[in-house]
Amino acid sequence: MDKVFTSAEVANHNTENSCWVALYGKVYDVTHMLSSHPGGAQAILRVSGRDATEDFDPIHPSDTLESLQSALIGSLFLDEESSDATQTKDTPDEIDDNSLLNLEEIEKVATSVISKKAWAYYYSAADDKITKDFNTQVYRSLLLRPRVFVDCRRCNAETELLGWKVGLPIYVSPTAMARLGHPSGEAGIAEACGAFGALQIIANNSSLSPEQVVANAFPTQVFGWQLYVQLDRRASEAMLARVNRLDPIKFVVLTLDAPVSGKREDDERINVQVNPAGSVSTQLFAGTDPSLTWHETLEWLSQHTKKPIILKGLQTHEDVAIAARYTPLVQAVILSNHGGRSLDTAPPAVHTLLEVRKYSPHVFKKMEVWVDGGIRRGTDVVKALCLGAKAVGIGRPALWGLAAGGVQGVERTLQILLDETKTCMRLLGATTVNDLGPHYINSRIVEQQIYQASAIIEHEGAVVCKGKL
Amino acid sequence: MDKVFTSAEVANHNTENSCWVALYGKVYDVTHMLSSHPGGAQAILRVSGRDATEDFDPIHPSDTLESLQSALIGSLFLDEESSDATQTKDTPDEIDDNSLLNLEEIEKVATSVISKKAWAYYYSAADDKITKDFNTQVYRSLLLRPRVFVDCRRCNAETELLGWKVGLPIYVSPTAMARLGHPSGEAGIAEACGAFGALQIIANNSSLSPEQVVANAFPTQVFGWQLYVQLDRRASEAMLARVNRLDPIKFVVLTLDAPVSGKREDDERINVQVNPAGSVSTQLFAGTDPSLTWHETLEWLSQHTKKPIILKGLQTHEDVAIAARYTPLVQAVILSNHGGRSLDTAPPAVHTLLEVRKYSPHVFKKMEVWVDGGIRRGTDVVKALCLGAKAVGIGRPALWGLAAGGVQGVERTLQILLDETKTCMRLLGATTVNDLGPHYINSRIVEQQIYQASAIIEHEGAVVCKGKL
Amino acid sequence: MDKVFTSAEVANHNTENSCWVALYGKVYDVTHMLSSHPGGAQAILRVSGRDATEDFDPIHPSDTLESLQSALIGSLFLDEESSDATQTKDTPDEIDDNSLLNLEEIEKVATSVISKKAWAYYYSAADDKITKDFNTQVYRSLLLRPRVFVDCRRCNAETELLGWKVGLPIYVSPTAMARLGHPSGEAGIAEACGAFGALQIIANNSSLSPEQVVANAFPTQVFGWQLYVQLDRRASEAMLARVNRLDPIKFVVLTLDAPVSGKREDDERINVQVNPAGSVSTQLFAGTDPSLTWHETLEWLSQHTKKPIILKGLQTHEDVAIAARYTPLVQAVILSNHGGRSLDTAPPAVHTLLEVRKYSPHVFKKMEVWVDGGIRRGTDVVKALCLGAKAVGIGRPALWGLAAGGVQGVERTLQILLDETKTCMRLLGATTVNDLGPHYINSRIVEQQIYQASAIIEHEGAVVCKGKL
Amino acid sequence: MDKVFTSAEVANHNTENSCWVALYGKVYDVTHMLSSHPGGAQAILRVSGRDATEDFDPIHPSDTLESLQSALIGSLFLDEESSDATQTKDTPDEIDDNSLLNLEEIEKVATSVISKKAWAYYYSAADDKITKDFNTQVYRSLLLRPRVFVDCRRCNAETELLGWKVGLPIYVSPTAMARLGHPSGEAGIAEACGAFGALQIIANNSSLSPEQVVANAFPTQVFGWQLYVQLDRRASEAMLARVNRLDPIKFVVLTLDAPVSGKREDDERINVQVNPAGSVSTQLFAGTDPSLTWHETLEWLSQHTKKPIILKGLQTHEDVAIAARYTPLVQAVILSNHGGRSLDTAPPAVHTLLEVRKYSPHVFKKMEVWVDGGIRRGTDVVKALCLGAKAVGIGRPALWGLAAGGVQGVERTLQILLDETKTCMRLLGATTVNDLGPHYINSRIVEQQIYQASAIIEHEGAVVCKGKL
C-alpha cells in the first residue's frame, strides 16, 4: 500500500496481459477482472494505463470500489497537471447569500467554476434543446391573477406528499453524478434538503450509494429512490433489496421517459473527446432495460418492494389515465420530459398537466400528480400547483447550486425558490398551498396549444379516457 | 451648531452607547432615541457613524427631521468624495424642448444623469420584468381604427375625474422618492401638473410631506393621496387626519396590489450593497399592514376620512365587481399591477380592462375605472380610454421627466403625451375624450389572450359576476 | 442680374427692414413681400439672410419662383461649403441593372447617396414605426397556394383602372418632394412610368407642377392628381381648374388619412435642426384643411371638377361602405395608412381589405378598391390582387429608385416588381390578373387578427353594413 | 491532342469567325457548331475565349462531351490562378464520424470547403427565403407525444415505397449539379444510398447521366428519375427511352412546382457575376416546357414510359385530390415547394399534408404521399410519417454531405438521420414505421394556420373535394 507509481509507470500497463487503472488516487491491477467485467473487457482496456476516475465515477455506484480492494496495488503520484481537464476550474469562494438573487445567477456561477465535462452533462439536452427551452418558456405564457384584500400575514408553503409532511412543495429530482459538481455529491444535497424539510429523490445512478446519501438524514426527512430497471434484473432486485432496508426512503420512482438515451449533443461533443467510451449519457444508459411494459413491469416491481411506486416521465393524458388504473400500487405520477434530455419537441409538463385537466380530470382524485422541468422561479412553482400539481421537482437547479457553493449553494437555491413561492402566494392572496387553484391562473394561451384529443383511449379492453370532451 | 465634524469623527460613534448619524449635512446624536425608534434600534445602528441621508430619506416623511432637532449637534465637514455613489452623476443642462421627442428619449437622458441608487429604484420591477415589459407591449397589440371625413379642427382632451375638471385624462401615479431624482421632488411634479391641469396622486412614501407638495398649487389643481395602511394604524390615522385638512387633496387612494414587496432585483442588487438595511423597496414596505380585508378595512377607512376612496391595484374582474358593490364609498378603481413591480407575470391593466368589459360591464356605470402601467405614447392613452378607462396614470415617466429636467422635464413629458393624444384623437376622428369608444380599436389579438372565466363569482353571499358569458 | 453676393453679404439682410433670401443660387429681396406672404412674414424672416432653397423647395409649387422675378437682385457666390448638409452625399454611378436584385437593395443604395434631410423625410413614419413595419410584415403572414399543371406560357400583367389600360397593376402613389432625391423629380418618375404603362398619382405637394410632370407623357399615359384641400379653398379651386385642363390627368385623389400630420420623429429629429420652421411634414401640412366631411366636401369637389374622384386613406370597412354610397361620383377608394406616416398602430391595408371582404363584400361590385403600403415584392402585389384589390401603389420604393438612379432607378424598381409579379402569377398558375382570387391565398393567420365587427353601421340614417356576420 | 494552349491564346478566339472554348482542361474549336447549338449561338459566344467548364457543366448531360470530340484541338495550360473562383476552397479532410453530430454541422463544414458558385446554387431559395426557413421551422411547431411502457428493444425503420423495400423512409430528392460539390457527384450519392438501402431520385439535370449514376448500384437498390418536360419534347422522349432501359430506375418523377424558375437571389448575385449567361437556375430552366396540363401531359407521358409516375411539387389539397383521380397511372405524389426555391411564401409540405388530411383524406388510400423540404432531424422524419407521409426526401442535406465528405459525408448524413429517427421512434414507443400515426403528434398550432377551404373543388366536371368540412 505504501508503493507510489508515477503516471508513466501506470501507462505501461494497458494491455490484456497487464491492465492497471488509477482510481481516486489509487492504482489497481485489474488484469484478472477483465473477463468478468459486466461492461466487457474492452470498456476497461480503453481507459487502462491512466487515471480512469472520471470514466469510472459516473457509471459505478460508489461502493463498487470496495469490491476492488483485492486489486489495490498502490497510490498514484500526483503531479500538478494530472487530472486537469475534468476538474472544476476554480474553487468557488463561500457563496454570498446576498449577491446571488436568483437561480439564473447561481447557474452562471456554477458554469464558471465547474469542469467542462460536468457542465456538458448537466447542461445538455436532446437535439436542439427545443423542449428544454420550452419547459421554462411555457411558464412565462401563464399569467397570474392576484386577488386583493386578502389577509396574507400568514403564509405557509408546507404540504404533504403521499402522506409525509414536507416543508415546501419543491423536491429535488433524481439527477446522476452530483459528485462531479461538488465532492459532497448527493449527500450534500441531502443535507440542504434536510434544512428545509425538502423531499429528495436519489438517482439510480447517484454518485453516492443510497446508504451514503441518507446516512445523516433528519428523522423526519423524506427520500425517494429512482429505479432504472437494468437488463440484468437481478442487479435491480439487489438494489431494491438494499433500498427496502432504508427507512428514510419512502417510495420508489420508476423512470419511464428514457428507455434509450436522448441525443444530448453538448454531452457528446465534449465528453466523447475526453473518453472514447462515449458521452456520459451513453455510458449511463448502457445497461438499461428498454423492454418494460405496464403489466409485466409493475407486477415484477411489486414483488420486490412494498414501498409505494411513483411513475416518472409520463407525457400524455392517456398514460396518466392508464397509470390511475394501477392505484393503489401506483400512488403518484411525475409528468416530466426528463428536463428536455430525452426526446426533443416532447411537450412540457404543463401541457400534459392541462391535458389531464381537460381529458382525465378524475385522476387527480385517485393519485398525486407531480411535475418537473423548467422550474426557475417561485411563480413557476405556484402556477404548477394552481393547475393541479401536488409538488414540483428541480433537477439542474439543485446541481447548479451544489456546484456553485456545495451544501450552502443548494440551500441558497431552495431558499430563493421558497421565498419567491411565498411572495407569490401572498401577492395572489393565498395562505396555504391548498388555497391554490386554477382561478389564480390565466392559461388561455397555453390551452390553445395543447393536444386536441380526438379518440377514445382504451387500455386492455377498458375505456380509459375520451377525446373531444 | 457651528461645530463641524469630519467623517472620521462621526465614524467613532456607531454603538449603542454613542450613536451618531449624519443627515443632510448635519450631525445628530440619536443615542437616546434608539429604544423608541419605530423601526427598531438595529435599523439605526446599521447606518450609524456615517452619512445616513440616503437611507433615511426615502423612508421618512420629510417632516421627520423636525422631530430630530433636539438631537442636532453640528455639521458634517464635506470633503469631495463624500456622498458620491448615490448622487446624480451629472447635472443635466436645461432640457431642450425640441430635441427630446418622446418619453423613451427622456428616460435615456434621465438614466444618464441619475444616481445608480435612484435608477435602480425607479427602473426595477419584479423578477424577470415580464409584466413590466408586457405592460408596454400589450398596447402595441391593440390596433387603431381611424375614421375619415371627420371635422377635427377642434380637439379637446379635457375631462372630469370624480367630478373635478382636469386638463387632460393623464394623471401622475403615486411614486415614492421623487427627491432622489431631483431636489424639487414631488413639489416639482406638482408645479408641472399645475401648468397642465393634471391630477397628481401623492405617494404615501412621498419624499416631501403632502403639505409641502400642495403648498403652491393652483386653486383648481386636484390631488389624491395614496395610503399604505401601516401596521401601526394610529400612524395612518394621523396621516389621514392631516390629509383631511388639505383641501387640494380630493380623494384617498388605497393601494392593494402590494401587501408585501415584490422581488425587485435591480433594486436589491444595487441598493443592498450600498445599504445593509436592504433594498429601497424592502425598507419602504417595512411597516405596511398585509392583513387588509374588504369589509374591515373600508369600514375603518370610512371612519377616518370623508374624502372619496379609490382602490388601486385591482387585477381581476372579480375584484372590480366586488369593489363596485362598495359604491358610493368607493368611487373609482385603478387597474394596476404596480408598474410590474409587485408580482411578475401579473396581467397588464389592459387585460383586466377587457375582462371587466366582458364579464362585468355594469361596473362602468357604477364607478370610474382608471388604469396605469406601460403608458408611453398618446396612442396608448387613447386606447385605454377607448376601452373604458376614464383616465390613465404615468409613474416612471414622471420620475424620468423630473430626473431629466426638473419641473421643465415633467412639463415636457406631459406636453409630449398631450400632443400625441390629441394628434391620435384627431386622426381617429374624435374631438373629445367622450367620443372615444371601442369601435376605434381592434383588440382581437388581446381578446384571445385574456382570462376565460368559467365560474360564477360570489362575494359575501351575492353573485358578483358570471363566467362563460 | 450679373451682381454676385457672398453669403456674408446676404446674411446682413435678415430683418423686416431689409429681408433677402437666396433660392436656387439666386438672391431675392423680398422685403416688400413680407406682409402678403400666405404663410406669414415670420416664416420668411426665419430663413432670411441665407440660402433658403431647402426650406422653400418642398412647400412651394415650382412655379412660385416665377412670381418672384421682380424681386430678383443677383446671384449667390457659391463657395465649396455652401449647401452641404442637405445635398446628396454622393452622385450614384449609373445604376447597374444586374447587381440590384430587389427593392431592399435599391433602398440601401438610395440611403447611401441621398441627403440626410431627404432620407429623414422619405424614411420617417409615425411614432415607433409599428404600422410602417406591419405594412410589410403582414404580407409575409399570407401564404400562397400554387396550383400545378397550368399552362403558363402566356402571362399578362396588364389591367384596366377606372377603364384606362395600364401595363401593370402597380401605380406610383402620390409622394411629395421627389426633387430632393433626384433633380428630375416627379417628371423622372413619369418618364419611367411611361416606359411601363404605369399609372402615377401626382402629389398635391409635388416638387414640380402638374403641368411639368405630364409635359412629356406618352399619349396613352395615365395620371391622377392628389388633392389636399387647403384652408384657403380658393387655392385648391385654382389648382383644380389647372388640373381640369390637363388631359393626361384622369382623376382626382382626395387624401383623407392625414387631416393633421402624424408624428414623424426621424423627420423632426433631423430637419428641425436644419430648419427652425419645423420638420418637412409640419411645413407641408401647414395649410391643410382638417374640417372635411362626407357630404360637404364631396359636394364642393364635384362642383370644381368633372374628373372621377378617388378617396384615399380609408382604413375601416365602415368608411369603405359609406364611400360606396357616393358612387358614381366616387369611383374608387384607396385603402392606405399613408405608409405608416399618419397614425401609428393603424391597420395595414390588408386588414382593411379583409374587413371589407368580410363585412361589406358588395362594395367590390360598386367601385374599385386599391391598396398601398408595404409592397416590396411581386408576391405582395399578387396577394393584394387575390384579396380583391384592383391595383397596388408604391410610394417610398419609387422615391428610393429615383434617388438611387434617376429615371433608370425607377425603371429598375418597376421592372423588378413586374418580373416578380409575373413569376408569381406563373408559379400560381394564373395567366392574367383577372385569374387572381382568394383561392390562391391562405390568409388564415391574418383573418384571426382583423377587427371583429359587433355593431350595425349607419350613415345618414341608412344601414351601411352589419357586424357579426 | 498534345497541343497545349495558354489562356491568352484561347482568349483570342471569341468571335463568330473563330470560337474556342475550354472544357475540363481541353480546348475545343466550336465555330462550326454555333449555328446548330440548341441554346443558340449567343449562349456559346458569351463564354467563348475562356474556360467555360463551370457554365457548361451544370446544364449539359455529361455525355454531351462525347459529341464534341470532333472539335477537340488540344489542352489548356493550367496556371495557378486559372479556375480559382469556382473551385472548392479547400479539400476537406476525411470526415470525422464522431465530431459531426448533426446535419447543421455538416452544412457548416460543406459551406467552408465548397466553391462560392456551388454554395450559391445549393443554398439559394426564392426571394426572402421565407418558405425555405418555414420548411424547417414548421416541424418545430409540431410537438411529439411519447408513450411509456412500450417494449422498444426492436426498432425497425424499414418500409416499402411503391412496393419496393427500402432500408429507411428517407430518400434523396432530385438535385442537380452534385459534381459541383464533389467529383463523385450523383454516383457518390448512389454509393452512399446503396449502403443504407435508401431510394434516390436522379435529377433531370443531374451532372452525371442516369446510366452513370446507377452503374454500380446494388441489385436491390431503388432509383427514380426526375423529368422536367423539355420544350423539345423529342429530347424528353429520348431521355425517357434511355431511362426505360435502366432497370434500377423504378419510376418517373414529374416535377410540377417549377414551370419557371423562382427568383433565387443568392444564386443570381454570385453566379451572374461569374457568368453573363445568368444564374445557374436560369440556365437550368432554359429549355423547360411551361405549358403542361393534367390530361395532355399525363397522356403523353404514359405513351413514353410504362414505369409508374410520381407527381412532385403539389402544394394544395385540391391538386392532390385531382392527382388521386389519375391512379393507377399516378402512384404517388410528393408534397414539395422545391425546397423553397420556387415561390416564396408557398406553404411547407406539412401544411399541404394537413390540408389533405382534413379535406381529402381518401387519397391516402389511393396512392402514396411523400413529402420533402426542411427535414433536418429524425424527429422531423417521424412527424411527417405520423401525419401520413410514406417517405420524406432530403435534398440539400445530401449535397452538403457530399460536399463535406464525399460518399462518406452522405453516409454520415444518412446515418445521423436514421439514428435520430430510430431514437425518436423508440422514445415514442413505436417499433415500426407502420406504428406511426397522428396520435403521436400535437399539431394544434399548425392546424390553426392551414388554409380554411371554403369552396367545393371540381375538376373536369367532377367534385374532387369539398371545403368547410
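Here the chain labels run A, B, C and D in written order, and each chain numbers its own residues starting at 1.
Here is the rule we go by: a contact is a pair of C-beta atoms (placed from the backbone, for glycine too) under 8 Å apart; a residue touches a chain by one contact, two chains touch by 3 or more.
These are the chains along with the protein names UniProt gives them: A, B, C, D = L-lactate dehydrogenase (cytochrome).
Note that this is a predicted model, so its numbers are computed, not measured.
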Numbering shared by both copies at the chain C-chain B contact, with half separating same from different: different
Rigid-body rotation angle, chain D and chain C, from Cα fit (steps of 5°): 90
Chain A and chain B, separation of their C-alpha mean positions in angstrom: 45
Inter-chain centre distance, chain A versus chain C - centres from mean C-alpha coordinates, in Å: 63
Chain C residues counted as touching two or more neighbouring chains: 448
Pairwise touch network: line, ring, star, complete, or other: ring
Chain pairs in mutual contact under the definition given at the outset: A-B, A-D, B-C, C-D
Chain B residues within the chain C interface of the complex: 98-99, 101-102, 139-140, 142-153, 377, 379, 419-420, 423-424, 426-428, 439, 442, 444-445, 447-448
Residues of chain D touching chain C in the complex: 127-128, 130, 256-263, 265, 268-269, 272, 290-294, 297, 311, 313-316, 318-319, 337, 342-347, 351, 448-452, 455
